[in-house]
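First chain written, first letter: the chains are A, B, C and D, and each begins at residue 1.
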C-alpha cells in the first residue's frame, strides 16, 4: 500500500504518487467540488478510508479477499512473439485474469469492505460499458449489500448483456435518460441520487476521479497492480524497466500500475482515446467534484467524448493524472479508433490474449511507437487492464462492416 | 503430477488414479479402438507423453506457462454466504479465473507444448460450445501453431461469438454437417481429419476421452487442479475434506480435481446432465476410440445427448470415470435442465460468481442434497470449472421465456 | 457588507418575506419578459440560472431546461447582454456551476456579472474549502457569495457556512436535487440551526413547489426560492402571463 | 484356415483378380437385389456394411448412406434376416464398427453372422491389441478377421497385422477415410510391404473410385474393394441395372 501516514504537498517532497494535500489536491488539481449535501459524506468517507487503510485488520482482509476471491496476484506474462516482432521486450500485467475480467474488481472489493465498515448496507455506482457495474454488483453480492447501478440509456441498449449480468448478481440497473445518456451522465445521476441517500448508501465510484478522497482512495486500491508487478518483474530477472504503458479512461488502471514505478527511473505512459483525450485536447476545469483536465468548449460546457471503447468514453481524466501530465512525470498520448481494432487482432494472433478495446489502445501505441518513442531494445510493461470478451460482438460487427 | 514411473494394473495396487495398464485400460474400460491409420500416431503420442512427463525441463516449462500465461494457481474461495444458507461448508476451486474462462486451458497448454516437442506444427481439435476450441486456439496462437477446430454446424450457429473468438485467435473453424451436427460429430470429424494429416498434426482432444493415451494424458494435465486444491485447503486450515463435487461432460475437470483426493478418505462426486448421463443411463460400449459407458439404443447405436449446457451435451464419459463408477470409488448423479438455471442464479446472487451452465449442474446438486446426501456440517469442495459469461445470453432468453 | 445583503436585510426589516423565483437564462427567446413578469407579480429578487451541460445539483426539469437553453445557443456572453435589456431593478443572483466561471476566468466572470447588474452568486459545487479564489474575485465586484446549508451539514460546518454567506444563506429543505417534492422537508430545522449562529437572512429552497409549501417555509424562514415548479410552467409553453399568475399565487400565499 | 481364406486363395490361384463391392445394408428396400446384381456382374465377394451412428472411418458418402439406412429402421437383426433371402453364394464380409457387435454380444453376433452366411468381418476400429475376445468368438463360427494395414503402419506392426489377418489383408491405399479420391495413393507400397512378410491375398481399398484406379491397383494387388463410388450410384437413385453396369465396368477393367 502506498499510504503515507504524513500527507505532504506532493510537489514539496518530490516524491510522486504519495497522498494528496488535506483538501485532496494533487498540485493544482483534485479537491472536492460537491454540493454541500454531499460534503459530510465525503468527509466521513475520507476519515473512514484513512482509518481503514491504516488498520492492519482491514488491509489484511482486503488483501485476503483479493487473493481468495478475486484471483490476485494476477500474473506477469512475457509476450515473446510480439516482443520479437517489435524489437522491444514486452511484459503484460494480466488484469484480464482478475475476477469479472478487469482491474475494476480491485477497487470495488476495497470500497465494499469499507461500506460495511462504515455501517452502510447499500452501494450505488455508475457504469459505462458495464465493467465497473458488474464488478460492483459482484462485490456487493458477495457481502450481501444492496446495489443500484446507474447506466446511460444508450449504454444499457448497447450492453444489454452486461445489464442482465448485473441483474443476475442482484443489482438494480437504472437507465439514465439525461444529457448524452452515456457515462458522464451516469456519474451525474449517481451523484444526484447519492444526495438523497448518503446516510445508508456509499457511492462506489469506478475510477480515480470525483471528489476527494475518491481519486486517492481508488488509486490506493488499484496500486496493488503496480506493487505486484514491480516484484514480479524482479522475480523474472528484469532489473530496469524502461517504461510502463496503460490505457486511460478515468485513469484507475494506469494510476494503479504507475504507483509501483512512480519513484523509479521508469517512463510512465498513459494512452487516451483520441475522442476522449482530456490531456491532449482538454483544459483545466471542474466536473464531477474534481478539478482536472476536461474536454470543454469555449464557454466551459463539457464536450461529449466519443470512443469505440465505452470505458474510455469520458471527457475528463483523474486529477492526479492531470498533475502527473503537467509536472512531466507521466506522458499521455492518444490513439484513434481505427488503430484499435488492428491492435486487438495483433495481440490475439500473436499471444493468444484477446484484450479489451480499452486495453487495445495501449497495445496500438506499442505497435506504433516501437523503434520511435520506444527505443528498440527497451523493456516495457503493458498493463493488460481487461479481457476482450465483452467486446467481441462489437468487433465482429465492425470487421464485417469493413469487408 | 500423478505420473507413476511404474504403470500398474490399477485394481492390483489398490490406489486410484494412477496410470492405466500398458494398453490404456482402467479396469474394464479405456483402451485404444482406432483405425489402423491412427494407431501409429497414438503410439507415438503415448511415447512422447511419457517421455515429456518424465522430463523435468518439460514439466517445468508446462508449469511456468500455466503460471505466467494461464493464471495458475487459481484460488480456492470459501463460499461463506452459500455455506451458511445450506448448513455445509463449501469451498470453490476457481477454474473460472483461468485464462479463457475454464479449466480447459490446463490441458491445451500441455498438449500444445507436446505438439512442439513432437516437431508438429499444427493442431486440430473438436469443440462443443467452443470453450475447448477457444482454449486450443489460444494456446496455439501463443506458440504460433496452426489450428483448425471442428465444431458441429448447429453449435457454430448457437455459439457464433465463440467462432469469431477462435478466428480472432487465428484458428480456422470448420462446421461439421454430419450426424447430429453437434459435439459427438465434431469428434468423429476431427478423427477422420486426423487420419489424413497425422504426420504434421496433433489432435488436441479436449477431455479425458478418446483412445489411449488421451484419457490418461488429459487427466494428468488437469490433475494440477486437485493437487493445488489439496494444498490450498490445507493452507486454509481444512484438514478433512468430506467431499469433492464436479460436473462431468467428458470428465476432465472432474478427473483433474478428483486426482488430488483419490487416495484420501474423501467422497468423489461427479454430476452429469440428465440428458447426457452416461453413468446413469449408459451401458458399456465403444466410441471415439475408447471403451466406456455410453448412452445407446438396443442395437448399439449411439444416442444423441441433450443438455442445456453444450459442454455436457455428450453421450459418453471418460473411461476412467466409468471405472471409478463401477469400482465404487466415485459416485455419479444427474441433474436436469430445470434445476440448472436456478442454481446459476443462486450462486450469482449469494457469492458474486456467475458459473458456467456446466458448473451450475454441480451447484444444483449441492442445493438439492445439502442435509441429504451431504450431511449437515460437511466440508465440500466444489470445482468451479468455468465462468458463465459464455452462457448469459442463453440464460437471459430462457428466463424471458419463463415470464 | 455587500450591497445585496444590505438590500435583503432592509427587506426583512420591513417584515416582508422574500420571494425569489428561478429562471433558466435563454430557455425561451422571451425569457427576459418572464423575469419582468415575475418582478411585476412581486418577486423580491431573481435567480438567473446560467445553463451548464452537467448540472449535478439539478433534477430532470432544470436539466431539461438547461439543455434546451444551451441548444438555443445560450452563453454567458449572450445572457449577460440580454440581462442589460431588463427594465426592472430587483437584485439578480446568478446560479450556476463552478466550471462556467472557472473556464471564463474568475476576474472576467465577476466583472461581466457586475456589469450586467448581478449582485450575488450561488455556485452549488463550490464549497468554502475551494472558494477562496472565487471570493477574492467577487469581493472587488460587490458580488455576494451565497452558500447552501444542507440537512446533512454538521454543526461546525454550518457555523462556518452561515458566517461566510453573503446576501442570504440558502437553507436546503431536503436531501435531494432541485425538483418537485410533496413532503415538507427539513427546512425548518435547517433554518433554526442557522439562526442559532447567525442573523443573516435565511431563505428556504429545494423542493418548494406549491404556494402552501412556500407559506409553511416562511413561517420560519425569511423567504423562499422557487425553481423547478416555475421552470416547468415555461417548459409547458407558459408565457409571461402564466409566469405572472404563478408568482402572484406564491406572493399571496406568503404575504 | 477359415473357409473364406481357402476360397480366396483358390480364387487367386486361378489368376483372377478379386472384385469386392461394398453395400450399406438397408440403404434401400431393394438392397438385396443390388447385391445380387453385383454378383451377377462379376463380384467375387461382397462387403456388407452394417450401419452405425458414428462411422469414424467413413467419409460423407457412406456416412450419409448409413444414416439413411438407420432412419429406415435397419438393425443387425433385420439385415441378417434379409441376407437369408440372397439367391447368390459369393462370400459375404461384414464391415462395421466394434460397438455394434460389442453391444449385441460377441458370441451372439458371430452366431448371427454365421447363420446369415457371413464368413468374414472387417472392424476398422478394432485393432489387434483389443481384438482377442472378438477373435475367440469368431473362431468357433468360421468368421475370418480381416485387418487393415495403413500407409502409416510401421514394419513391426505390419508383420503382426498381416499374420493375424484371415481371408485377406486389407491394404489401405491412402491416409484418409472412405470416399472418392483422384490420386493414385500408396496402395502399391503397402501391398509390397505385406507381400514381404506374408502370402495372404491382399486387396486394396479406400479411395478406389474408377475402373482405371482399380486396374492400376490390381497390377500389384490380388483384388480391390470399391465402396463410396458404388454407394454414391445408389444414393443418386440408381437401381439394380446401374449397379450391374457399374460393377461390370470394374470387372472389365481388371480382367
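Everything that follows uses one rule, which is that a contact is a pair of C-beta atoms (placed from the backbone, for glycine too) under 8 Å apart; a residue touches a chain by one contact, two chains touch by 3 or more.
Because the structure is a prediction, the values reported are computed rather than measured.
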item	value
Farthest chain relative to subunit B (centres taken as mean CA coordinates)	C
Mean-CA-position distance for subunit D and subunit A (Å)	67
Subunit C and subunit D, separation of their C-alpha mean positions in angstrom	97
Centre distance in Å when subunit B and subunit D are each reduced to the mean of their C-alpha atoms	37
Category of the chain touch graph - line, ring, star, complete, other	line
Interchain contacts, given as pairs of chains that touch	A-B, A-C, B-D
Touching residues on subunit A, where the partner in the complex is subunit B	67-69, 71, 74-78, 81, 94, 96-99, 101, 137-142, 144, 161, 164-165, 168-170, 344-345, 348-354, 389, 392-393, 395-396
Touch list for subunit B against partner subunit D, complex	23, 31-37, 39-41, 178-179, 184-185, 188, 191-192, 195-199, 283-289, 291, 294, 296, 298-302
Complex interface listing, subunit D residues touching subunit B	52-60, 63-64, 67, 70, 75-77, 97-104, 124-127, 129-130, 147-154, 157, 161, 172, 175-177
